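Just dropping this structure here.
Labels A, B, C, D and E are assigned to the chains in the order they are written; within every chain, residues are numbered from 1.
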Amino acid sequence: MPKPKVAFYWCASCGGCEETVVDLAEDILGVVEKVDIVLWPVAMDFKYKDVEAMEDGSIFATLINGAIRTSEQEHLAQLLRRKSRYLIAYGACAQMGGIPALANQFPREQVLRFNYEEAPSVDNPSKTRPQTVVEDNGRRPRLPAFRNVVRTLDQVVDVDYFIPGCPPTPNLTKAAFDALLSGNLPPKGSVIAPDVALCHECPRKASKPTDVAFTQFTRPHLTLADPGKCFLAQGLVCMGPATRSGCQAACINGNMPCTGCFGPTSRVRDHGAKMLSSLSANVAARDEQGIRQILDGIPDPVGTFYRYGMARSILRRRVDLGVNGNGH
Amino acid sequence: MKYGYFPGCSLKGTGRAYEESLLPVLRHLGVELVELEDWNCCGATAYMAVDEGKACALAARNLALAERGGFQQLMAPCSACYLVLNKTQHYLDESPAMRRKVEGALGTVSLKLSRQTPVRHPLDVLLHDVGVEAIRQKVTRPLSGLRVAPYYGCQVVRPYATFDDQANPTSMDQLLKALGAEVVDWPLKTKCCGGSLTGTLPVAGLRLAYLLLKEAKKRGADAIATVCPLCQFNLDAYHDKIAARWEPVRLPTVYFTQLMGLAFGMPAHTLGLQRGFVPLELPAPTAA
Amino acid sequence: MANGNGNNRTSPERRPRIGFYVCHCGVNIAGTVDCAEVARYVGTLPGVVLSRDYKYMCSDPGQELIQKDIAEYKLERVVVASCSPLLHEHTFRTAVEKGGLNPFFFHMVNIREHNSWVHTDRAEATAKARDLARAAIERVARHKPLETKRVPIKPVTLIVGGGIAGIHAALTLANAGKQVILVEREPTIGGHMAKFDKTFPTLDCAACILTPKMSAVGAHPNIRLLTYSEVVKVDGFVGNYKVTIRRKPRYIDEEKCVGCQDCISACVFKQPKFTDEFNEGLGKRKPVYIPFPQATPQVVAIDSNVCLNFRNGPDGSRVVSDKCKKTCVEACGDRNAIDFTQKERFEEIEVGTIIVATGFQAFDAKRLPAYGYGRYPNVFTALEVERMVNASGPTGGHVVLRDGKTEPKTVGIIHCVGSRDKKTNRWCSRVCCMYSMKLAHLIKEHTHAEVYNFYIDIRTPGKGYEEFYNQLLDEGVHFVRGRVGEVTDWAITPEEEGKLVIRVEDTLAGVVRRIPVDMVVLATGLEPRSDAQEVRRLFNMSCGSEGFFLERHPKLAPVSTFNDGVYIAGACQGPKDIPDTVAQAGAAAAEALSLIDKGYVEQEPNTAFVLEDECSGCKSCIPLCPYSAIQFDDARGKAVINEALCKGCGTCVGSCPSGSIVQNLFDDEEIFSEIEGVLAYE
Amino acid sequence: MNKEWQPRLVAFFCNWCTYTAADLAGVSRLKYAPNVRVIRVMCSGRVDPQFILDALAKGADGVLVGGCHPGDCHYVEGNYKMLRRYHLLKRMLKDMGIEEQRVRLEWISAAEGHKVRQVVNEMTEQLRALGPLGLPQKFEEWDREVERLAADVHAREAADAAAACAGRTSAEEVTHA
Amino acid sequence: MKEIQRTIKYEADRVPGFGREVMSVPGCEKLKDCIQCGTCSGVCPLSIYMDHSPRQVMALVREDFKREVLSSCTIWLCASCYACTVECPQQIRITDIMYELKQRAIQEGFYPKRFPIPVLAQEFNRMVHDHGRISEGRLVTKLFLKTKPLEAAGMAGLGMRLMKTGRFSLKQENIRDRGDLARIMEAMDAPASGGNGKD
């Protein structure tokens, strides 16, 4: 029996997810042994043409990481969808937009202008920007179009499973492969991670009091967190209560509060709204001014509650931005 | 303390004595009045009776002048002016259509109404900004033995004033007491003096003035103190007619500011006291 | 489709079979909403197997129609679009249950109060009805079978306020064999009625009809009377209220005092010299006193504010000084009833039902300076005159001027003082026409004075009331239709000298009149007690805009409140006379009785529960519950909701960061489907 | 929709105060704008910010939450919980480009039928002045670039194939959307 | 003996819509709430001279008896003391309604030619319009000459004494920006943006 074909692809991402695959360490050998990797741009040289030439549905499983921002990424997502039996959104960006989706707060034009003109590290006096078609000694190479909206993978193509995390842990990755290869699969659309929030496995759980009432909020760079105590009890926003577990509290163990990369549980439609709801309801003040004062300790609610989930959120994007990038 | 000052037509005419006493008295108390440049007649009650739109615009021009002059507050000593200016503000607040129209009209001569300029009566300012205590301290010749009936008239407390009780105002009572005068309590403090009817329908108008004088006299008053030029005129100018029609009820009627000036030791003639028809006689000062 | 959070439960697997009914409510709904169109539209929605419009759904045939359809069409869910669920949800749930379905497989759509009665455009109203119905169809498909809980009722009733309403309700319940705790703020029960001389229109002596009832309360084995006490805290819910009562120190041991009043005569103050509240300040009393001869309980009280044995403590409160000779203690002798060491005490009681009968307060006549109360001595309030005409009152039944001796020859009674006036109280006080006429009769009887009544309208809608008005006309009392402009001592004519002058337009004769009188009586209106807002909060009730307690329904639930098990009676609900007050007190007692005799209350199963496997134990919800219904289970590291304590607000549900708490009847999917439903129009 | 656009207002009313007030408005026959759709919850504390976002995303132009006055909550202080959420939610919504007036929290007691009318009318007019939020249409509009790409790619592939045959480059340019 | 007059009112005596028109003027709306209690007449210092009491005027307006109201001396006797407005239990602004009725009476010429009060109002306004301020001496002189030329002489004594005390002058006061004032008034006359603002 031929080994099942597997493909990896990356879109708008940092490469961390690819790292995780490599981080499977010796386990990767087990995987490689069982499968036939037909596409893995970050590690091996394959041509798209080879993929295009494949028969539809002939790839057993494709893991795509990264959010979708360019026309090329859309194109490849569509192509790989066609060729694969299982398409898996791998990592926070593919699942929820991830860090790249924070750009959904800004018009496309502003992103381009900053990156090609205004960023302190840029030296571009002629204000050259990438064009989709350029003239180069008679040749006309094409570049992908940069989209207005950052999307999750499943907002572009149909996705079978989601593996969360920024990046997903090797354990989860391995478990996912095991499930795929054994055929012991959860219902389509499942997120392959525990459906309980992080507090469940948090080593600091016992240190959280049952009568928490926030009197002020602080931020990790402004304080030295007590390594033994629940972050929330210290007035640090920790997304743990609203975020799926499965990371084995990696950040917490590094004395950093959870920032929510595993996304919400299946019972929640909007990760940020839920955390916002829980956090603010527990503010101590009763008068409007007191409430305002305490909550002003969270200066950037969007960045705090939707750090990874903007594209997945109910609103998806700053709503006054039009398709031409600059709002109405 | 600095206020824009809107004298109104009467204070330049029949009510000159009010201005003549008001200005030095307030100056003495450290209140600075700056007369509004090129003010016009407030419109009084007559204008309202003909065209309330124009009446509003007329009064509003003064409010706009106050704004242009940079005054935070405007003092209007005449009760009618005080009422009309306040009423205009209420009117403009309640009727957006009227406000648009009036603002448009003022706009044609580059005037605008972008903020509220509170319109204050001297009684209000004296009681709440200066304070009774500060006034008491300035008294050098207390009006001991002078029995004064405080007469507020109608338009200073009705219907817009918020600085005193509408049914039983007491601000002037407090002032007079601070001056050392004896205050005659009477239930006619805010009854109408007859207004402009004394001139147009003397039967009706003068009767009211007569009843006021009669009751004040009956209750033992030596003088009536007023806050309004029309009230003062009505109670002072018609004694002959009243005597002819009913009975003589001669009693001096003076502005409360004149009494203040006297109590502050200012000479009577600098306070316009010589302009009254019925002269005010002060009891001989008793050794304290 | 999956949504990337792993949520693939957005729609139920199979649409249940739904029956839909839209009620015309006569023309109440059908007049504005095209009911047939709504029924037609809803019939096209997925899952709806039956859609009807019907004239009166809440009628018996309407309910039977539902039951029949459930059987015939094998309905699994029912939606009725009619009036407010607060009115008929229970009716239809019962009908659904009788039809063989779980009663919570039902949802109600409010297209009357929220639609036909508040909108005018037929097309818009019909569209709105469609939207609301669609939302209900979406929602009801997700309903789960639920069971109501039955909670036993403590067979004890708390009655707050010992006026005629509280007294009557207490006796009604106690005579039915139920336990009653009656709390009264003053040292005696009796309320306003105890101050009255006669009652209109029959002119019964108030004391003759009230005091036997007061004694009956004092003696009844089923009534525990707590006077000089106030309710300070109410916890719990219908059937099981925990109420904290503050018992103010009266410095008398109520058990030991026999009401001999020897202490009063023995007091070091030989003459009474302190304001006697019971007599509206017209009389005087001593520091140790009994409010009036028939006071119940027959126990004296010591007023620490004026008693010589007290002084001001450092915090302003009164503390025992022990400076007095204490002749009262001496007089009490062996009975030892006087106890200067008494302190304020708090007592917690448990009751199942509560009747609030806290009454009214009379309008403060000083708020209308034009009538001169407080300025002119001979302007009186009606209550003052009421005490004066009373034989046991401060003047021994003589109506006299403030000098205490002169009888008035002319009296003007001004109606509507602090009533029907937008500057003070805009409502009609309902009793002042009648009591003014009663006082007119009594004043005339006592003094033979000329009596003028100044009124805006004479309102006599009661049994025997109009006849009483006719009697007064016969007696020669003047009735001048006109609201008095002012009362003044300013005399213009000789006959006005030394009198109070009433200036009024006689609107029937069409002339303005000045009428000199010796005495002016102000018929002050009734208004909510100044602490009505605090009392309302205490018992979780609502107030109408004028500040009287709000009944659940003005016609169908006039003594119920929005808080189950709490009833209102008497003038705290709105101005009313004694017959209506007593009737209402009886009604409130009957409501309490019917609950007690039923023995239990059914609780709406809208409680919340924690999904045990899904809860991460983050503890965020625990401090949010005001009833401490959420506990942290240390062993399992999860939150647990005690269903018995949960009141079903859903705050924890809306706040659970991982969506692991569910509220019955209001779960997330039900609400999301409703949102989608109201917005998903073509 | 060929009818003139009408603002859509979704309201979450607490059972004890505001829903009852709306009933009272009905009993009193107070007329107000028909643009509101009321969803009953037991307490304003039940109003999950997700509901508000979801309503906006499903096509509401504004969301009104009605609860008991502070101190009057039937459940002691559910309304305070909502008040706290409201503050942070409003800031979040502002950062997401949603106008201040689209989401409003009001305390309306059972006796304030007139306030229901006033608030609903006021908000309806404010929404009318703001114009449609139109999120469902926006989502569609935003996603059109993806659909267009699929078509563009398709066309280009065909053109490339043709060009390769003809030995010249495609003249077609993909414009920035 | 008094002459007898018909007092019954027929429907033809009404001018339907008059009441509604008055009640639509800002400030006059609450007239519809009148409960005919008579407080206004009770407090009115001039009510004793009125042919219709203020209360009756309210009723007549509401029932469209335009002629009776506009020809009534009541509206001219109102001295604007605002006692009725302040005391009215229905918060009807009776003084403002009186102003409104005065305006209508002037517009429709409903008063006797030499009746002094409207003449005063008009003379007053003319003077303000032309000069910006009132010169009381001139105004009073004009008024008497126009309405009671015979009595004017009788007033001379008062005038002389006022002059002696420096309170009477025939000098005309003027404001500087009379042109501005005229323009403002002109703009108020322009029908463009909503007439007189009453709608």
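We take it that contacts are C-beta pairs under 8 Å (C-beta built on N, C-alpha and C of every residue); 3 or more make two chains touch, one makes a residue touch a chain.
What you see is a predicted model, and the numbers here were worked out from it, not measured in a lab.
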Exercise. Tell me, which chains sit next to both subunit C and subunit E?
Worked result: B
Problem set entry | subunit C omitted: connectivity of the other chains | A, D | B, E
Exercise. If you tally the C-beta contacts, which comes out ahead, A-D or B-E?
Worked result: B-E
Exercise. So what's the Cα centroid distance for subunit A and subunit E, whole Å?
Worked result: 78
Seminar exercise, completed: When centres are defined as mean Cα positions, the distance from subunit B to subunit C in whole Å is 50
Exercise. Subunit B to subunit D: how many Å between their CA centres?
Worked result: 57
For this session: Send over the residues of subunit C in touch with two or more other chains.
Result: 370, 624, 651, 654-655, 668, 672
Exercise. Residue numbers in subunit D touching 2 or more other chains?
Worked result: 45, 48, 50, 54, 77, 81, 85
Exercise. Every pair of chains that touch: which are they?
Worked result: A-C, A-D, B-C, B-E, C-D, C-E
For this session: Spell out the part of subunit C that touches subunit D in their complex, as residue ranges.
Result: 84-86, 110, 112-115, 117-121, 124-125, 127-128, 131-132, 135, 537, 540, 542-545, 550, 554, 562-563, 606, 624, 626-627, 647-651, 653-655, 663, 666, 668, 671-672, 674-676, 678-680, 682
Seminar exercise, completed: Note: in the complex, subunit C contacts subunit E through residues 370, 416, 420-423, 456-457, 481-486, 503-507, 510-512
Exercise. Can you name the residues of subunit A that touch subunit C in the complex?
Worked result: 89, 95-96, 152, 154, 159, 162, 187-191, 195-200, 205, 208-213, 240-242, 245, 263-269, 271, 274-275, 277-279, 281-282, 312
Exercise. Which residues of subunit D touch subunit A in their complex?
Worked result: 45, 48-50, 52-54, 56-57, 70, 77, 80-81, 83-85, 87-89, 91-92, 95-98, 133, 135, 138-139, 141-146, 149-150, 152-153, 169-170, 173-177
Exercise. Subunit C touches which residues of subunit E in the complex?
Worked result: 35-44, 47-48, 53, 55-56, 83, 87, 89-91
